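Letters A, B, C and D name the chains as they come in the text, with residue numbers starting at 1 for each one.
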């Protein structure tokens, strides 16, 4: 399943002389959460420096840029690809000056009342330069009557609805926050006495920081030179962590919401083997996202695990598309089937999820051309039927294949001999946390927040 | 005189299907007013598109960028080079959305009360993203209680002090304005029924537009699909047009403040020949800025005009500096003296102005090495002694050579046989407009605006 | 094992209107054989066009370049990184005009008598522009007294010693050749009636061409508009195919020397499990080169297969090295261990080979930091002890860790609990071809060609 | 006159520790002789380093490239733009290794027997990689039976016909040579004990080297650590220096063939005023090539000199062409007429030469639009009627307007009130050298070399 895009990755460091460089490395480890743009803001307590750009982290920053970002505090952001034309304005962190001094905000999530808040402030004479939720948050902080920065931040966040994991940086303060539902992840770690915030623990691993804990839903942590102060100022809400982080988004070597992604995926694969067995000669994943569930499936079922398709490591963005010359080239170039492994075999493919089904269709076709006799697919989550309003850029309901078609139709569309999905119960049982801690709206349509009007972020503004 | 930098060039078009492309060409013609960055905002009445970048106009825009800027209205800006590190944020036009819709502002000048206005608004909860005066202007327009856009703009501009020539673009309105003193130029023209605003008339020439007239000091013109409406809502002030536009900044093929720059420079040269004659074999300019005064000097004096130094047309910014290998290479590479013309001759050089004197010193040295027997210099304006607070990036008083030294000292520093400057009276008499229409503060220290504290723009903010 | 570099990949097409585009795709599939530079020459029977550059295939060619390479015949080349400074001259294919018309040569291998041939020709007045073996080949063809092109080529090749797989292109002729020992691979395929030559079959797969067969050792094929003509004009020699193509170089989805690389690697893993068992909790590969032997090992041993380290897919060449900040960063960033999988476990790692041992050492350290209790390593080939003179850029004998140290020393250097290598016999038995078909000189020092003086290619010339 | 392109500029240094850097600067000064590509070869007596590229000197070389070119000897080349597609191969200097060691050749001119020599050598088994004359020269040197390098070079050059000014570099020898006719210039200078060769003296000026003398027609100078040895081994021929170097090509601040270009152009202008007077209000040049003749014309005629058109200094190659929006934009953007100077005036324009007349036509049109009442043109050379076979890239006879049309027709085509050309006699009388020293074939068709078949260089080969 390669058609989904997470919305963002965020990172922050307080109290390290190489804060910007660590942030750069942290963003590098979080690159899978957003490939379109990247930005870092650093502060030495007085001066603020920022550097942002379109593209991968490794392209946006060079040694000179990193060196210019001096200071012991830094925060950073990677963003997924949007369709707007003037996207440079929307690169995070959002940075501004206000009477409280400088402020920078890196946001992962989607505020469901952002437009409402914005329109109110515009009526009162505020100007907006971007279409980002983070600009709304900064305006709220600027307008808070609270003299103290921390109280001002609490007051501002109390007006937000929707999903947010945030890293905020003020002149000498780093703040981490998760919304009361806890939709998106954010964890806390330490390195050489410095404190670190990151969307996923793999970012801590890369900089060799220790993992402390997940920030809790509704928790705000204020980090300054004296301590890490924690507060939970908001009324409790039903927890609604995004289960799709485990299914697909997070890196397998990460710990999110306090548990191992790799082991969770293996358990999903084992459960899948129990619920939906297949009489086959070999189990294979669609690399790389299906690798771990496939190992679990193979172990539980006793069917041999094979790498039936090889990933091409040289896929670049500048590749020339020979559309008319080789059919489906764009999909084919990424994975090449191993004919000698597949020829004459009954194959069960393990997929993490199916969104549109179009890529799966081509994959199955190439496997048949390579000689596979039977092709069965087992999916390690239930059918995806509903859009997400909390930060995942799903296609519209119209494009979600399972939203409009029964499983048999999907099976035939993809060209499979059989297709089975893991049950909702089976999926929840495979988790290390209780099932009611999760948001499963994309599967069952039960949205944790009531929406009068469901608006996608992209519909909101015409700017850009 | 090559050490000065103008602050900006501005341009706007209303009512042409190729508005952005014309703006691109207009900025190209105004490139000499700002080589550091360029930006264009275009609007089709609903959607706003913008494209900005560091570098020359020809580098910032390509065909794709121009095509993306669709719409019948556009405004653009070129900016001079500053020393700040995160300059990308400060590229104009400044673009924002407010309850009135989109607004874009291109500003040439320097507001002397920008910091005061900004601090007041920050206290009331406004956030600022840049250190530009144009952001202050947009905030004032956003906060105006006036319902009507035009009244809101007048209310906002009435709070400004200092120098400004502005092009503002709202969703279906183009606005041109000059401050009541009229420090910086702005002219109006027409092309195929469309209206055009530009800092100098050379921008109209390039797009083959007709020149109508200079916008008057204190005048605001509102251009929409029906008409060009003019208003002068502010109390009259002493006119104070920047005489340095004639001396050095404006292109010789331009008309600024209603008069020809070329002919004015020739008159300055003639006056200089009358006031400060020289007994020499040949007259030569320092190309290209001294060319026109030199022709005037030669005509009036009867001394033959020669091109004693040849300009190198291949000077690029990436040039490797062979500092230790060739002394003063950076200056030498630009102009090469003609030995066969200079050998044994008594030469009078015509300079438009002297700022630091360091470049002149090297030039004179190369002329002596080329064989000139005597070298006299005549300068087509009085000594520069005072900084500018209205938009010209002069060096500090400390660095202005004439601020600290008598003419004899400067003569010896540069290595001349004689040095004479045009008198203030002679300069003003050479103008086509009455002398009291001009700001001459850089020569005589008589600033048209009282300043409680003189702050340079660069001192204001730390946000870099 | 990531420290080795293959020397080249070659590709050719005859008789397809999109010959250059197919060659581009073929080189893309062969990118792993050479990442430093790439080149394509195309011919329409009269005009020859070429395009070459430093860097990856996707960077060297854009749509415009591909379109300029018109013609129904094309050949291409990818090359590994060398240390010389003026490498651009050495980008293949080598192209020249001679009385026979144009000729282009793409060469994979290493001629052991290139210097001798070159010196002789220089004595007779020849000039050389590069240090490449392919230029020597072209000179020999130019000098051949044979009137017929094919005879001229045979005469030229008969003078060569060492290893060569070649694609030659003359104005209307495509030629494929392997040296009589058959060191390097070259296969033949078909697409829409066109004939294709490629180092590995994965290049045929990507363009959806059919695989026909491997070119035989000592065979030359002449492809023109009428037929594919095969000849074996040279006396037979002992076959000496490079066994390292199976161990490490070739892509796992390729067929080289007529057999599946993937299945061969699995058999090596199975044999390794039989010869060198390990009492462990899990089997893991060093991705990706050890993946297939690890699966074989797991199957044979019954120990569970886990992906204990995750590959980072965003490794770019421009990455900033934070050397002082994170120890061994360059190695760490590529693979991240999964702590939750490794903690407290006894692990057996499957490596394809060990060259210097330095990377393995860091890997083992990170696995220990991640919590592995015991770490054992099993290597799917014997110790590498001797340099290669036939085209593989091994380090010098000094740097080959097994050339100078016993296995116990290597085990301690890398920091392992145990280390075992597959036996030479075990390796040869795992092959689908008889053992005496292979060159095993890097393991046992038995070189198939006698060398009076062993010269590495880099020692030959001072040019560049 | 902006439609002509010189073929090349050459430069060499012997005996300076910064030889490559000086060569870089020398090429920079010679940039007007070739804007398409640039190359430098440096040698420290043993190792040869080279760096070449497409584009301007400032783009091709950066600090790193210059530093890599270590050694006390260097030679360099700039080349004009050709239409071939694979031009990179043809960047000079041509570098090769032969039994004599390394050799590099930089050539300015055109060998009229290059194809004949090449075909002979190909028949004997030589291979050619480029279509450049310099490769032919290197082959001849390689094949010379003479043991001594200097004798070998003399033997090789004795076989050449046509025009050549050469800088050759062998491992520890720098050689300068001009063909016996002396078509193209080459001068000798000194800097800190090092010897320098350059196409024009402006290159010596930039590096502050002393100008010694012009190399004589048929002279070869051998420069080594001991001395500058001069020889004239060839039979004398009629001198035929290119008069067009004075008319248009050479920089006005250069000395070529021993005389000042600036003063020669002024004399041409004075002679023109005498032969072809005009009753006008002002004299103006087409900048910059007509500047100097215009000054001479103004002095002789007493008509005031004005700069009627201003050159735009920001013309870049990446400029977007708004062809449909502004007619003749490409020409217009370069020079802008000064309306206030031209309005109502009778103008005489001084042109250095007319090739196709198309640019002049647009210029005259813009001058009329700017208000000029009468426009007369005076050209400082006779009508150009014949192609050049000695290195100047004139258009074909068909495209040379004066080759096919009488002066009256040209006058009307360009849209002039009157048009007059300087006479051949007047032109020759304006020279400091006797008239019979020059080649005037482009004016009178009297070619100094008999050609059996006149072949342009571009017709010769199909390679690239």
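As a working rule, contacts are C-beta pairs under 8 Å (C-beta built on N, C-alpha and C of every residue); 3 or more make two chains touch, one makes a residue touch a chain.
What you see is a predicted model; the values in this text were computed from it and never measured.
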- Per mean C-alpha coordinates, the chain lying farthest from chain A is D
- Query: At what distance in angstrom does the C-alpha mean of chain B lie from that of chain A?
  - Reply: 49
- For chain A paired with chain D, centre-to-centre distance based on mean C-alpha positions, whole Å: 62
- Starting from the mean Cα coordinates of chain A and chain C, work out the distance between those two points in Å. 38
- Message: Quick check: what residues of chain B touch more than one other chain, meaning two or more?
- Response: none
- Which word fits the touch map of the chains here: line, ring, star, complete or other? ring
- Message: If I apply the definition of touch given earlier, which pairs of chains qualify?
- Response: A-B, A-C, B-D, C-D
- Message: Touching residues of chain B toward chain D in the complex: what are they?
- Response: 18, 21-22, 24-25, 28-29, 31-32, 56-59, 61-63, 66, 202, 205-208, 251-253, 255, 260, 262-263, 288, 291-292, 295, 298-299, 304-307, 310-314, 316, 318-320, 322, 325-327, 332-333, 336-341
- Message: For a test of understanding, state which residues of chain A touch chain B in their complex under the given definition.
- Response: 46-51, 68, 85-86, 89, 95-99, 102-103, 119, 122-123, 125-129, 138-139, 142-144, 461-464
